[in-house]
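Scrolling down, you'll hit the structures one after another.
Consider the two complexes below, in which chain A is the common component and chain B and chain C are the respective partners.
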Partner chain A sequence: MSQLLTHTFITAFIVAWLAGAMPLMLAAVGETIGEQSGVLNLGIEGTMLVGGYFSYVAALHTHSLWLGMLAGGIMGALLTSVLVILSVWFGLNQIVIGIAVTLLGGGTTAVLFYSNYSQSTPRVPPATWNIPGLSDIPILGKSVFNQHGIFWVSILLMVVVSWLLTRTNWGLSVKAAGQKPLSLDAAGGSVMRTRSEAELLAGFFGGLGGAYLALIATSAFTPFMTAGLGYIAIIVTMLSRGKIYLVAIVALIYGLSVASGTVLQLTALNVPTDLISMLPYLVVMAMLLVFARSVYIPPALAAPYTRGAR
Partner chain B sequence: MLTLKSRRTDARLAVVAGFSSLMLVLAACSSSGNSGPSASPSPSSSSSFTAVSIVTPATEADHGWNQMGLKGAKEATTALGLQLDTLTNVGYDNTQTILTQAAKKPGVGLVIAHASGFTQAADKANAATNVPILTVDFPNQQLPGKVGVLTFSAQQGGYLAGIAAAMNTKSNKIGIAISADDLNWFTMSGGFVAGARSVNPKIQIDVAYVGAAAYDDSAGGKKVVQQLIAKGDDVIFGMGDGATIGYIAAIEAATTPVKYIADIGDVSDLIKNPSQYLTSVLWVFTGADTQAIKDVQAGTFANKPYNLDLANGGIALQTTPAMNSATTTATNTAKAGIIAGTISVPLTTSKSQLNALLAK
Partner chain C sequence: MAQRERSRGKAALYLVIRSVVPIVLALVVAGILMLTIGKNPIAFYTDVFNNGVLGGNWQASAVLMTPLLLVALGLVVVFRGQLWNLGYDGQFMLAGVFVAGLAPQMMTHYPVWAVWIGLTILAVIIGASWTLIPAWLKARYGTNEIITTLVMSSIGIGLTNILVQYFFQDPTVAEPTTGTMTTAQMLPNIPGTRIHIGFIVAIVAAVVLQFVISRTSFGLRLDIFGSSTKAARHVGINSTKMIFALFIISGGLIGLAAAMDIFGQWGYMRTNWNPAYGDMVVPFVFLARLSPLGCIPFIAFYSIFSTGGIIASQDSGLSSKFLLVIVALILIFMSITEYIGTKRDLGQSYLPDELKEVLRRPFDRIASQGARR
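Let's turn to the complex of A and B:
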C-alpha cells in the first residue's frame, strides 16, 4: 500500500485520471452544443472514431499533434454533416441517422485501419510541455503542468464554448432552436442554419474527443477504441443541463473512476475484474440516479423542425 | 408540404440507392478477393480432401492469437500440399453459420475453428456438414472423428518468461498486465509467477487487469501499464491482443528503463527500441495443425486432444537481442527440466487460483 503513495505513482494516477476524463469532456461539450440546439446526435461514437483515426493518420504523416487534432476535429464535423443533411435539412429520424453514423464511423475506420496500419500499428511519439516554474511543483508539476499544450487549448476551447452559449446572440439562438424553434423562426432567425452550425461545431468537438483519445491518451489508434465513450458523453450531457462546467465535473468524476480501477487492484484488495470494468459505468449510473430529477432535456430535442408546420 | 414530402422521398431514395451501391461494391470486392477454391459447392470427404479452412475471430494484425493461428495453418497446409481457405475477422456472432459455410466449401476436409468462443458452434457445424472441426481450449467438447480440441500448456512458457523477467529486473519488481479473464492468461500468469520466484522467492509481482473482456482496449492497456511502471515494476509481461498496443505505448513513454515480455506472437516489429523487447512466449500451431490434418486423412482425428507444449515445440520462448546469455542458459535449463518432469509448473486455471498462488 505504501508503494501507492509515492510521488511517482500519484503522478501516474493523475495522468491516467486526466487521460480518462479529457476525451469524454470534449465529446460531451460537443454533444451539449448539439443538444442545446435540439439535435440529438447518437452518432457521436462514430464521430469520435473518425476523429481518432484521421488525427492518427495526420499526426503520423505531419509529425504534428496539433495538425492531428485539427484533422480529427474537421473529420468529425464532416461525418456529422451526414446527420445535418439527413436529419436537420430533410427531417429524417435523428435516432436512426445517429445510429447509422455510429456504424458508418466505426466500420469505416476499422476497414481503413486494417488495410493501412494493422501490420505495424505505429505509435505517435509521446509529447509533454514543461511550464516553467509550475512543472517543478511536486506531483502536480509532473502530472498536470507537464501536459501537452493540446490539453490547455482543449480547456480554453471549452471556456470559449461556455462563453458562446451563455454570453452571445448565437448562443441564445442555439438555445431557442432547442427550446422553442418556432419563436426563433418568428424572431427572424433560421432554425435550420442555427442547428446546422451547432451540430457541425458539435461534430468538431466529437472529433477532437476521439483525437485526444488516440493521440494523447493512447498514442495510437485501434478499431472501436472508444468502447462506448460516445454514449457516456450523451449521458454526461443530459446530467450537465447545458452547463459546460458541469460537463467538466462529471467527466472528471468518470476519469477518476477509470484511473481508480488499477489502483484498487494494486492494493491488497481482491477486486473482481468485472467490478473494475463496471466501475466507471456504475459511477455514471449512480450520478444519473442521484441527479435524475435535475436532468434537463431541451423540449424540442430530436424533433425535426418544419417551417410552417403545426 | 408537397415539396417537403417530395424532398423526404428523394432523401430516402438517395439513402437506399447509396446503400444498395455499397452492398454491390462490397459483394464484388468479396468475390474478387476470394483466393480459396471455386465457389460451387460439392460434398467433402473426411479422408481425401484438397483444402483446409481456418476461421479466426480477428485479423492477423493482432500480433498474437490470430496471427500465429493463421501462420500455423498456412505452414501446415503448405507442407502437406493442401490449399488453405481463410475466413478472418468474423467476430463471435453467427459463428455456426460461418463454420458451416467454411465446411461446405468444395474440397475442404477440415475446419480450424480458431477461438474458444467457437466451441459451441463447432459441433453443430460438424453435425450439419460431417466435416471434422478443430476447436480450442475445452477437452470435454471432443467428439472422436468429428470435433477435435487443441489445448495449451501455456504455463510452461509462462514459467520460462518468469525466469527471464526475474533475471532482468533491476528493481526486483515485475508486473503482469492482463486484458481479460481468460483461461490461458491465468495459466500463463501462474507459470510466470512460479518461474520468477524460482529465481528470486522474494520478488514482488503485481498483477493488474484492464477489464473482464478488454482484449482490444488499447487506451486502458496504456493506463494500466503506466501505473505498474509508476509502482516500480521494470519488467512487464503483457497479455492483450489489441491492448498490447497500449502496453507498448506505455513502455515507450516510460522515463525509466522498462522491458516488455509479449505472449503468443512476435511483436518485435512493433517495438522501436529492441532493447525494451525482452522476449515473447510464442505459441506455434504448425505441429498441432499438421497432426490434426494427418489424423483426418488417416481416419484417426480427435481420438485424443491436441496440445501445444514445450516438448513438441508448440510453446517456445522467443530469442531476442535483449536476452543475455545467462538468461538464455537459465531458460534452456528450465525448459529441459520441465520436459524431463523434474520441474513441476503450477496450473492456475482461474483468477482465484492465480490469486492464491500470488498470496503464497
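Let's turn to the complex of A and C:
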C-alpha cells in the first residue's frame, strides 16, 4: 500500500514538474532568441496570454491540440509584430512598447474570454500518448513516457533552435545583431531583418509557451493565468546567457519549485497556499542573488540600431 | 520680444497637442474595437463621463486620484533617472497591509492622529525598503531592475496575503481580512466634500517634488544622471548613492500612497485585493513628460475615466479589463506621436534608412527591368 502511494506520489510529482517547467522553457527559448538579437521583449507575458487564449479557442473548435498549439504560436508572433514594427523598424522604446504589449495581450484576452466563455468555461480534454515499451517502466512510464506528442515536439523544437543559434549563419547574424549591430551592417547583413526574424520567432515560441500552459498543463484558459511567468522567462533568459541547454536547466529548477508547491498542498501539512505560490518567485530571487555576477545581457540589448548614429 | 512670446506660446500649444493626441487616438481605436464586438462606443463614453464627473461623481474620482497621483510621483523620480521601478504593486500592498493591520489595534491605545502619522511613516519606510534588493543588485552588478522589481513585487503580494491571514486577521469575522477602522478613525474629509485630506497630501507632494526637481541641486544631479551616467561620473555624481536614493524615494512615495489610500478610502484590507494602480499610471507619467505638476491633469483624466469606466463597462456588459486595452493603446500612440514629433523637430525623414531601402527595393527592381527592356 505504501509502495503504491509513493509510486503514484512520485509520478504525480514528475507530471507537475514537467507541467511547471515546459511553458516557461518554451517562452524562455523564445525570449533567448529575441535577446540574442538585441531586442528586449518585455511583452512576452502578453504574448503568452494571447497564445494561450487562441490555442484554447482553436483547440475547442477543431478538437485538435496540434492545431491549437499552432494557432497559439501564430497569434503570439502576430502580437509580437507590434513590437517588431514599432521597436525594431522605427526604434521606439522597447520597454514602453513591451509594457503596452503586455497590457494589450492581457486586456484583450480577458475581454474576449469574459464575453465568450465566462458562462460555460469549457475544458480541453487532456490527452496522453503511450510510447510502446517505454510506458511500461514503473514511474517514468506513467509520467514522462505517456506525455502527449506536443511535449516531444516542443523538446525537438528547442533542439532545433539551439542548432540554429550555434551552427548556422543565421544564428551568427542574430548574435552579431545583439553584440555589435554595426559589424553586421558593415558585413552586408541587415540588422532590421535579422532582428525582425528573430523577434517573430521569439513571439512564436512565447505563444507556444502560453498554448502549452493552457492546453497541456492546465487544460483550460483563465484570464491572466500566466501570473508573471513571462517575466520569469526573461530572468531565465538572463541567467542562461544565451545557451538553450541552460535555459532548459534553469526552467527545470523553476518547475521543481512549482511541483514541490503542488505536492506540499497534496500532503496534509498546513502550509499557506500563498507561501506555495510565492515559492517559485523566492527561488528565482535566490538564483538572481546567487548568480548576480553571471547574469549576462547582450551589449546591444534594448538599443535600437540606427545606421550612421554614434 | 512679442515674437518670442508667440513662439513660446506656440511651443506650449505644440506640447499640449502632442500630449493629448495619443489619448484621443487611443479612445477612437478603442471605440472601433468596441464596435467590432458589438458595443456602442458613444454610449460607453457618455456613460463614463456621467459616472466619472456628473452628479458629484467627480468626488469619487478625486478619491481615486490620491493614490494614483502619489504612485505616479514615485515613478516620475525613478524614470527621470532612467531607472525602472515596476515593483509598485508589491511596495504598495506591503505598506498598505501594515497600515490596515496595525491601525485598528493601535488606535485603541494611542490618539488617532498619532497613529496616522506613525503608521504613515512606517508605510513610507516599508515601501522604500522593498526596493533595496533591486537597488543593490542594480548598483553592484548592474542586474536589470525591471526584472528584479517585478519579482520582488510578486513576493510582496504573496507576503501581504500571508500577513492578512496569519498575523492581522480580524478574529471576529470569517473572511481573511484585517480589522476595520471606524469612520472616526479614518482621515477626515475636506469640509463640504466627500474627499479625504489625503488628496491635499498628494497635491502638496506633487508641488514639493516639482520644486525639488526644478529648483534644487539634487534635481539637477538627477537629470544629469538620467541623461547620461557617463556625464554624471564626470561631474562626480556617485551612481551607487543615486540609484539607492532614487529607489528609496520612489518606494517611499508608493508607501505614502498606500497609507493615504488605506486611511482615507478603505479602512481595512482583505486577501487577494490588488488595485494595481501602478500599471495604469505608467503611460500618463510619460505623457506628463515626467513633470510632477504635469501629472496632475493626466492622472485626473485617468481617475475620471477609471471611476466612470468601471461602472460603464458593467452597464455595457464589457469586462473592466477593457481599460487595460485603452491604456495599452495610449502607450503605443504616445510612442508613435513622440517619434513623429522628434523627427519633425530635427527635420529628419520619418522613415529609418534601412526601412527606406527595403521599401525602395521593389521599385528599383521595376526600374532596372524597365531600363533593360
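The working rule: the second predicted complex is superposed on the first by the 295 of 310 C-alpha atoms of A that agree within 3 Å, B and C clash if a C-alpha of one lies under 4 Å from a C-alpha of the other, contacts with A are read in each partner's own complex, and residues count from 1 in each chain.
FYI, a contact is a pair of C-beta atoms (placed from the backbone, for glycine too) under 8 Å apart; a residue touches a chain by one contact, two chains touch by 3 or more.
Note that the coordinates shown come from a computational prediction; the quantities given were computed from them, not determined experimentally.
Which holds for A:Q179: it touches chain B only (first), chain C only (second), both, or neither?
So A:Q179 meets neither chain B nor chain C here.
Looking at A:S219, would you say it contacts chain B, chain C, both, or neither? Reply first, second, both or neither.
first
Of the two partner chains, chain B (first) and chain C (second), which one does A:Y114 touch, if any: first, second, both, or neither?
both
Which of the two partners, first being chain B and second being chain C, lies in contact with A:T8: first, second, both, or neither?
first
In the superposed arrangement, which partner chain does A:F90 touch: chain B (first), chain C (second), both, or neither?
Both partners.
Kindly classify A:S81 by the partners it touches after superposition: chain B alone (first), chain C alone (second), both, or neither?
Touch status of A:S81: no partner.
Both chain B and chain C contact which residues of chain A?
In chain A, residues 86, 90-92, 114, 223, 227, 274, 277, 306 are touched by chain B and also by chain C.
Within their complex, state which residues of chain B touch chain A.
1, 4, 7-8, 11-12, 15, 59, 61, 63, 89, 180-181, 206-209, 211-214, 216-220, 222-224, 226-232, 242, 245-246, 248-249, 252-253, 269-270, 272, 351, 355
Which bits of chain A are touching chain C when the two form their complex?
Contact set of chain A toward chain C: 42, 82, 86, 89-93, 95-97, 99-104, 106-108, 110-115, 190-193, 223, 227-228, 231-232, 234-235, 238, 272, 274-275, 277-278, 281-282, 284-285, 288-289, 292-293, 295, 297, 306-308.
If you look only at chain C, which of its residues touch chain A in the complex?
37, 84, 86, 133, 137, 140-141, 143-144, 146-148, 150-152, 154-155, 158-159, 161-162, 165-166, 271, 279, 282-283, 286, 317-319, 321-325, 327-329, 331-332, 334-336, 338-339, 352-355, 358
Quick check on the complex: what are the chain A residues that touch chain B?
3-4, 6, 8-9, 11-13, 15-16, 19-20, 86, 90-92, 114, 118-121, 123, 126, 213, 217-220, 222-225, 227, 258-259, 262-263, 265-266, 270, 273-274, 276-277, 306, 309
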